[in-house]
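In the two complexes below, subunit A is the common chain; its partner is subunit B in one and subunit C in the other.
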Partner chain A sequence: MSGTSTPKSAGQSLPPPPAAPVTLRINGQDHHLELAPWTSLLDALREYAGLTGTKKGCDHGQCGACTVLVDGKRINSCLTLAVLQEGADITTIEGLGQEGNLHPLQQAFIDHDAFQCGYCTPGQICSAQGLINEGKAHTEDEIRELMSGNICRCGAYVGILNAVKEVVDKKSIALRS
Partner chain B sequence: MNPFTLTRAESVDAAVRDFSGHDSSAYIGGGTNLLDLMKENVARPTHLVGLNKLPLTSIETTAEGGLRLGATATNADTAWHPDVQARYPLLSQAILAGASPQLRNMATNGGNLMQRTRCYYFYDLATPCNKREPGSGCSAIGGYNRIHAILGASEQCIATHPSDMCVALAALEAVVHVRGNGGERRIKFEDFHRLPGDAPEQDNTLKAGELIVALELPKKGFEKNFSYLKLRDRTSYAFALVSVAAALELDGTTIRDARLALGGVAHKPWRSPAAEDLLKGQPATEATFRKAAEASVEGAVGQGANDFKIELARRAIVRALKQAAAGGKATNVFNNSNP
Partner chain C sequence: MSSTTNHVGKAPSRVEGPAKVTGAAKYSAEFNVPDLVYGYVVSSPIAKGKILKIHADKVLAIPGVLQVFSHENVPGLAWFDKSYKDDVAPGGSPFRPLHDDEVKFSMQPVALVVADTFELARYAASILDIEYKESTHETDIEAKRDDGHEPGKGKTGYKPPVRRGNANKGLAKAEQHIKQEYIHGAQHHNPMELFGATVHYHPNGKLTIYDKTQGVYNCQQYVTKVFGLSKEQARVVNLYMGGGFGAGLRPQYELFLSVLAALELKRSVRLSLTRQQMFSFGHRPHTLQTVEMGTGPDGALLGLKHSALHETSRFEEYTENVVNWSGMLYKCPDVHLNYQVAALDVYTPLDMRAPGAATGSFALEVAMDEMAYAAGLDPLEFRRRNYAEEDQNENKPFSSKKLREAYDEGARRFGWDKRPMAPRATKEGNMLVGWGVAGGVWDASMQKAAAKATITADGKLTVSSAAGENGTGTYTIMTQIAAETLGLPMEAVTFKLGDTTLPEAPVQGGSWTAASVGSAVKSTCEALGEKLLKLAQKLGDSPLKGAKFEDVEFVNGQIRLRQDHDQAVVLRDVLQTSGEREIEADSSAMPNPLTMQKYSMHSHNVVFVEVKVDEELGTVHVSRVLNVVAAGRILNQKTARSQVLGSIVWGISMALMEETVMDHRFGRYMNHNYAEYHVPVNADIRDIEVVFVEEEDPHVNPLGVKGIGEVGLLGVAAAITNAVYHATGKRVRQLPIYLDKLL
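The block that comes next holds the complex of A and B.
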């Protein structure tokens, strides 16, 4: 791996990037990366670990497209630095399910027509898995409230709610990683 | 984002030392506000001291019967903690009214206090902002100011502190424990955040390099009669236009003790001792609540687009006090916006 994330500062020339070795445990596998300290976890996943299932939407913690699980808890990967997550257990959409072995939430999203363009879907599904891990949401109102950190600009909310509700009702999902 | 170095501190002492060993340092807890500001080049620290290895995540009862919240415990772990839910449900409800589940899983208790008092001009490098660049002017005065302050503002700055958690902490009279090179000290919550005055670049009274290590809640939690009422443009994941933390201690229908704090209206969580005095010893009736509401917004000044907040605050205070008196809010943590 080489290179660094590109800071957005306008008109500012940067000193050589002080990339350093960082080991991230992603979906049960150690990834040995060379990262500058300002590399977000999101950029580390997509640009360095090659896991592009996690999406970059707003890059400011407002849309939820970048949601991943860290030690089983859902977070916005755009608002944490990769170096701060060394030692943590990171789960992305690739770790939840694969082609031919879909996670129940993935199957439910298909069954309930819970996406259109699909860009927010990995974040929605990781967030829903986090919601299930938390165990606080049972009713439709509670699911709506605790899924409010994930925006869907296609407006597939009715399908998303139904998909998440179906899996919540089964109450038997274990985090696969 | 500008380049920076980063170390992950293993102890509070190491964190404080590391901070003062660099120019332009910043502590980073959950990072949810700091990294956002850094991406916009509003904050430009050249060294970050990472706090997520510090042993400050515990939540435990104090010798005085209160509760000590570790500074790096997350907002989510705090809100869902059994002792917080049972003894300080006002705090739990306020935390859960803020941000999103993902952000609450990242944001720390200390970081919630340290998030910047801000408005959209603070984020916009193309516009003057006294908070971002002292002396450059305030673009919100005479600009778009629907979300801005109606109380305690100055000619320098009319931004609001967006925290929900801090409104409850103000009402509960929390104490902030901080550590610096000079040792540890305690700051009363009402003294922690500042009004803008002529130094809007300063949000709080911390000295350079001081680190929040804990928040201490006094024993009295007002767990029977409380309400956190948050009014906003959508029912979830939005800052408050006006929020009210109301807490009552009742003796029959007489108010023995009362706390009232407002969010979304000032540079810091807003408490009005005069309003609380008008509640104490009085019957818990709408007439009493109206007098307190009037006192709370005394001296309020609108900026044009936010004039509506003055009447909204009056009505929200009356409603929150009614909800607190009815005592029916303890069972549903999700029900923070209506009826």
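The block that comes next holds the complex of A and C.
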């Protein structure tokens, strides 16, 4: 196959949309940001709000690394625009727990060595919290299935399963008693 | 009192765990330095041809777009190839981004758009018009079957295959004989973190370059040579790497482009590649292999031939050791190994976890299973009968080899003796059940590395070496080694890495970090220990007076006599009375050429697998994997196990899922995203387990470690393939085993 490619349509390119004030409630705090409307929630968190705990692995909703909680539900933050989340309660990994004050899932991930490089980990943990909020997963098979939107290329799935199971089990024991 | 500061061999959690689980760990594209501008790469849609014109005007007219870099405006840079050669470059001429109008491979970076925001840079890149003149490309290795050649010198670590005896004569004596072809397609590393860099442009013109790399020194060397900078002008930092698997061994084009933009614009620049672009800079090559072997009446291998052919680029000659392992894993008098490459219009392949061995062991170990069946022997028994007591490639004894113990331990735990020999013998409901076995061998390497250690009056120790942390556990094992050497609790020790202001370490690859950097850390802490002993002996009536360094040990925060533990001083007292604010030592470690000459140093493994195959759907479920590894001393049971668990996941992926598919009409990988490039998710992984057999090795290096990042991958894909045969009676010789191969 050979030949000369033609230039793309000579039509006018649209001027980029201007930035406007957007207020996002992240981890219980209001962030007043200047965002163009085409800014994804993921990029708003990482590049504008300085919260780089939320990771970008594909930007297409395929890997789950950017998982955050919006009003308690887990979503891929790369698949929503920041402006659409005004007024919502956004929780990122930074909001779940901090060094010295770890969330039970964070501690369980450390104990079970549920990560290696750590890049998918914030998304895994937010996803696990979302899973617990959904109240669906109880058996190992259910956890495996419902944690399958989060890819871990290091292959730490056994640790992830055991970490999530430990917290789910403790939760159900607490609920029963 | 027994020791509370023996950390090596235990299972402490990762010291960087809290940083990773809270999002506090900073990866390269996350250093939010002030006044950042953003780059976005434009990739070539054609595989071969010329760039006729870059119509940058329309894009440059958009407010906020700062520059479009391309071959049309890149300033004169280093001229000779050697300036672009990194530490692990293969032979040939390294690719130079934005160098000229030539397109050499699909998705080649052809322009970099820089703008005030990421969104704007992405938009501008999407509308940038570029005219190309396409020419005919060749991307299919199948068309090059008769066109391969034996590579020249190859890259570091490449060993041309050694032949011995006369394989044809050996095969002619054989009673049983097999000859088959084995194929796998291209695979891409696909670490979770996108390749990216943040270049901090300081007011004095110096750069701090946060780059995704497995070797900060390798990148510094590249940048200084290409851009004519001094080392002081280009500090390279990588504190955390979101997975590498070999993808970050060589400096990638985000480094070149972001440094170029920072220097030209005199601004701080961030550049992240897209997931699609992650398929544009190196891969495990599509490889065609043939294995032929024959056995005598007792099942002894009499002759073995193994040949391999894979692609390289037009501009570099990539090599990996694919066939050599077949000359050393089993005993065989007559062996013929042949390795060839053929140039195509693709980017140069790139070392990917267990490069060469993952490929070669797949072919060898499936062939061994076929041979065992042809000879009427249990596949594990067949391997035992051909056990290599020495490395026949090099005619040397192994420094240690506990593979037989691994066979025994694995067979016992897996229940291998209950395996029926015949295929299709076990059914559970509508699932055919099969068991398979396979294994591998990998180099136990060591490189030169340096380290520095500083202890302060409060008893806190800081040790540093510019190694990498890509999930392997470097922070943790180095902390363990340092703390144990000086008898401190792990909490008293901080290990620093990934920064060219620290002592030099080799690239993080080849499974050699534990041996290389670990030995340097140990030797440095010992050097510091000698200084501390001297200070301790200066104390008034020191119980250690006259003691030599060999006579004392550092345990529980004390220095004490080995022969009389009551003769001890508290380390912190020594530091405080010495009046010194801090005491420092540096040292390095390198491989011992004498032991290297004398011994063959390798790790081994054996993998047992159970699969369940739905015959109507052709789906394969890996229900059980046991990976038994003999890799010397294990420094941290927890992180080592995780590395091998990860290797098992990789092996399942290689066997059943992973393949980058090229559309040869376009010379382009078509499934270049995470939705279509399949890797396992949590639901794909069932009962997988790891066992380390005890293997003491006094020769391999001062720590007795062999490295475990790669050996665990070997044998997994072959064991799954063999288990599929045992389950179904169908022999698959091309990976991945998609369901069409079983229907």
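Following the convention adopted for this analysis, the second predicted complex is superposed on the first by the 155 of 177 C-alpha atoms of A that agree within 3 Å, B and C clash if a C-alpha of one lies under 4 Å from a C-alpha of the other, contacts with A are read in each partner's own complex, and residues count from 1 in each chain.
Here is the rule we use: a residue touches a chain if its C-beta (ideal position, glycine included) is under 8 Å from a C-beta of that chain, and two chains touch if they have at least 3 such contacts.
Please read all numbers here as calculations on a predicted model, not as lab measurements.
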item: Which of subunit B and subunit C A:60 touches, first, second, both or neither; value: both
item: Subunit B versus subunit C as contact partner of A:75, first or second or both or neither; value: first
item: Partner chain in contact with A:84 - subunit B first, subunit C second, else both or neither; value: first
item: Contacts of A:148 with subunit B and subunit C, given as first, second, both or neither; value: both
item: When both partners are placed on the shared chain, which of subunit B and subunit C touches more of subunit A; value: C
item: Partner chain in contact with A:156 - subunit B first, subunit C second, else both or neither; value: second
item: Touching partner for A:46 - first (subunit B), second (subunit C), both, neither; value: second
item: Common interface positions of subunit A, toward subunit B and toward subunit C; value: 7-8, 15, 36, 38, 59-60, 144-145, 147-150
item: Parts of subunit B lying in touch with subunit A, wherever the complex brings them together; value: 1-6, 8, 28, 30-32, 35-36, 38-39, 41, 48, 50, 52, 76, 80, 99-103, 105-106, 236-237, 334
item: Of subunit A, residues touching subunit B in the complex; value: 7-10, 12, 14-15, 17-18, 36-38, 40, 59-61, 64, 67, 73-76, 79-81, 83-84, 127, 130-131, 134, 136, 141-142, 144-150
item: Subunit C - residues contacting subunit A, complex; value: 13-14, 16-27, 29-30, 32, 45-46, 49, 52, 55, 58-59, 62-64, 117-120, 123, 127, 129-137, 190-194, 240-245, 272, 274-275, 470-473, 638-639, 641-643, 645-650, 665-666, 673-675, 679-685, 688
item: Subunit C-facing residues of subunit A, complex; value: 1-8, 13, 15-16, 36, 38-39, 43, 46-47, 50-60, 62-63, 65, 92-94, 96-100, 102, 106-107, 109-111, 113, 115-122, 125, 143-145, 147-161
